[in-house]
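Everything below concerns the one structure shown next.
Residue numbering begins at 1 within each chain, and the chains themselves are lettered A, B and C in the order written.
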Amino acid sequence: MLWSVYSLRNLWARRVTTLLTLSGLGLVVFVFVAILMLAHGLEQTMGRTGDPSNAILLSKGALSEIESSLSRDQTGVLAAQPEVVTLADHQVAAVREIALQLTLRKRERGSLASLSVRGSSPVAFAVRPRLRIVQGRAWQPGTTEVIVGSQVARQFPEARLAETLRFGRREWTVVGIFEAEGSGFDSEVWGDVDQMMTTFHRTAFSSMTLRLADPEVLPAFKARLERDPRFKVSVKREPEYYEGKAEGLARLIRVTGLFLTVVFSVGAILGATMTMSASVAHRTTEIGTLRTLGFTRGHILQAFMLESILLSLAGGLLGVAGAALLNRVTISTVNWDTGAELAFGFHLTPGMVGEGLLFAVFMGLICGLVPAARAARIEIVHALGERTA
Amino acid sequence: MGDPVVSLHNVTKTYIRGGTEVSVIRDLSFVIPAGTFLAIMGPSGSGKSTLLNVMAGIDRPTSGSVVVAGTRLDQLSEGEMARWRARHIGYVFQTYNLIPVLTAAENVELPLALTHLTRRERAEHVKTALRLVGLGDRMDHYPRQLSGGQEQRVGVARAIVSDPTMILADEPTGNLDRESADDILTLLARLNRELGKTIVMVTHDPRAAERAQMIRHLEKGLLEMPP
Amino acid sequence: MTLLRLMLRNTIRRPVRLALTIGGLAMVVLAFGLLRLTLEEWHSGVKAAANNRLITVHAMSDSLQLPLAYKERMAVIPGIQLVHYGNVFGVEYRDAKESFAAFAEHMGTFFETYPEVILNEADRLAFLKDRGGCLIGWKLAARFGWKVGDVIPLKGTTHTGNWELVVRGIFHSSNPAIMGEGELYAHWQFANERLKTTAPDRADGVGWYVATTAPGVNPRSVVAAIDATFANSFAETRTEREQAYIAGWVARSGALLDALNWLSGVMNGIAALVLVNALAMAVRERTREYGVMKTLGFRPRHLVALVMGESLLVALAGALVGLGLLYPAAGLYAVTVAGGKTVGAYEITAETIWLCLGMMVLVGLLAALWPAVRLSRMTTLEGLRHRG
């Protein structure tokens, strides 16, 4: 108890230096947590896209919907599989879609942006039940009405409700805005598949997504379809398909984050070691006095270690608090693996708060060790003999 | 005795301490003729260091006029004061205050960095000053390699190297043993006698004060009139 | 000069602290340098782009195809010397992890359009003669240990089916920022013939046209002429100079680049903190000495110069050590980011070096500011009374 008071008072006595050191450590923790948050946010966005009960079918060999093409005849047979859910209106829970990457000039700044457009049909809502329309309504089949994901609505002023988007030399009226739990669908525009195919001179679909009655049967279902020489398709669980689609981004964030954190923390540890060393040098007489009073080397070591850990913990709290301000901030960038615009956010979890603080304490331990050991080794006679003036 | 080097007129210095005004010097007037070796004595808290600092131009009086070496100090700006100090004042500290990272010669050379002397001239001055204080053979020693007495002699050399009008010494022997103290006092007396330097020394040690030509006692901010 | 000597001595007065400070600063410079390299890697293509090449793609999307027939119509537009075209040739080797960029290009115009390609004459002719052959960059060759004459089995992603291509040449590039050295080039005609049977609706499609303008022609006027030619046709075009085209793609990653830029700003802050801390400690310890110097008649500006000089000296030392570390670190970083794929250039340019030095000079000046202000405000007496 007395020790923590002693340590705190000493930190307070040198508050300018304390504050500077603390800010340094805080910035490092900030960067550390911010990068965790961003990596997690990206994972969330990609991992949440799709439903584990769904299977997505692409043409054999195709890595993405853009590269894939499935003919109308093919999809007809493929949808009629016994594993697929039959809906209340006797319709099969299978949605045939085309996916397109469009280049759009942003109306405000004139800069180019990629827009993911999906030609779909109303059964898509049955296949993906987690998707909700939050404003307006769904598009009418056979019209040029579209609905946009919440991220698209946020990024493109021309994609707000009742506005019109221009692409494929036609105008598309936005009649609804949907949310898909922060998934990649939030960065897409959905409309009528037949209208889109006509507009883009397509005769084939890009993909078909099926809702299975039992998610467990997917491996067997996949094996059967992929082995059948008539189909030439590859089958993937929907979330697994999307998860692999941001590898490049995820890698850049993780590697850059790792490098920065390592390099930064070394820098901050050096800075904090300097502060602690100065603190020891400054209090030599005081240490001698304490030892004369009967405190052991262990006590001295403890006091300085405690001081160092308190310092870094305070820095850690500052850093985590700063990072928490970034929570829910989204950034939108092109996903190099698909060429599509993708919005994802910083996402803070309680685990990260713990990791950030633990990281701070770890830095505190390291930077306190050498100065504290030196303080403990000081000889009483020398300490008292030395004048501080 | 020559013209006055220092003339103080109605000098008062008050500090605010803990909310109340404390007068350290009260309505003090006196002159110091050129070539004098004056010792100002008094117990601690009598205001003798303050008086010295006012004369050195590192502290300002609350009221009154201070003329040192023909300049009204109380009217100078900070910058003018610094320039004036460099020209006219050599200061000897109780705790020597040498720069630990500089050698004896470099410490002595420090005030010359404010002059336009050439490198050769500076080296010459430094050598002369150090020889004068008897440390011609310790030029390249660092302060920590010197004894207290030697350190203070370097301090004196630094005070005289720029040939100032006046040397002010604040308890120059306060931290020294008897023998070293005697050396320093002999040195100061010689500087006064042989080079005609005006020296004002503050001390509370009667044996040190005895070495001066003239002693004045400062008691509660009032200077005892000369006998 | 004694003052200069005093500054140097002051700087090295506490060797341990000095080492820690320089080390801390060096780390920040290192991190800053790595971020700059990443940013420069992005922008390198923009800077290195050729002025006389125009890229024409489908106006609606880079992923849509243009008709092959546009070649003839473009060739007659005044100012255009040569029309080249190509497609993405999506392939993977063994599995998806071993994919790389590959293109199917019209080989009759390829070498003329891209003089960046360095290849010996014999290999060039051999490649032109073999329609089932391919050219690979030396980095790709090194990655899989491929040699001229090897048959490489590939699985098509955009071009369905299995492909066996013969390596006819391994090329270098005089400008890797534009013509990468980790890529594969195949004959467009060869890829297209297979498409006619596997995916007839995608056959005879062209992903992009590259028009080389004649010398002395203003490329901007040709840009407009191309798009005007195809306006109101069923596939309108978007033409840009190569530079603008690449810049457009870079800009689409704008938010990410902004974030990186922002981070490098934070780093300046960390550097400043480390240095301010060290300086503040040093100045506080020496307050009494500064008081002595003031008594001797030194002016505030002398003291400020002392502190500034020390600060700059330490900052520059940190910058130099950091830059020294940047060379090995950049290599490691490039390999790690690539994650087994083709390693980017991550070349340390003079610009990066100057930027790092400049940043540290700025940090040095800023860090000295506060201690300097404190020193010049301090009266002589305060200085003398200070007990370190």
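Just a few scattered comments:
Everything below uses one rule, namely that a residue touches a chain if its C-beta (ideal position, glycine included) is under 8 Å from a C-beta of that chain, and two chains touch if they have at least 3 such contacts.
Predicted model only: the values in this text are computed from it and were never measured.
Ranking every chain by how far its Cα centroid lies from the centroid of chain C, the top place goes to B. Every chain gets a centre from its CA atoms, and the centre nearest the mean of all protein CA atoms is that of C.
Distance from the chain B centre to the chain C centre is 65 Å, each centre being the mean of its Cα atoms. One simple way to say how far apart two chains are is to compare their mean CA positions; for chain A and chain C this gives 24 Å. Each chain gets a centre from the mean of its Cα atoms; for chain A and chain B, those two points are 70 Å apart.
Among the residues of chain C, those touching two or more other chains are numbered 288. Residues of chain A found to touch two or more other chains are 389. Shared contact sites, meaning residues of chain B that touch two or more other chains, are absent.
Chain contact summary for the complex, chain C toward chain A: residues 16-17, 20-21, 23-28, 30-31, 34-35, 38, 57, 59-64, 90, 92, 96, 99, 155-158, 160-161, 199, 201-202, 234, 236, 238, 248-249, 251-256, 258-260, 263, 266-267, 269-270, 273-274, 276-278, 280-281, 288, 329, 333, 336-337, 339, 387-388. Taken in their complex, chain A has these residues touching chain C: 16-17, 20-21, 23-24, 27-28, 30-31, 59-63, 66-67, 69, 100-103, 111-114, 167-169, 200-201, 203-204, 232, 244, 249, 251-252, 255-256, 258-260, 263-264, 266-268, 270-271, 273-275, 277-278, 331-334, 336, 339, 341, 388-389. Taken together, the chain C residues at the contact with chain B in this complex read 1-3, 5-6, 9-10, 13, 288-289, 291-300, 302, 379-381, 384. Within the complex formed with chain C, the chain B residues making contact are 53, 56, 58-59, 78-79, 82-87, 89, 91, 93, 97, 99-102, 106, 109-114, 158.
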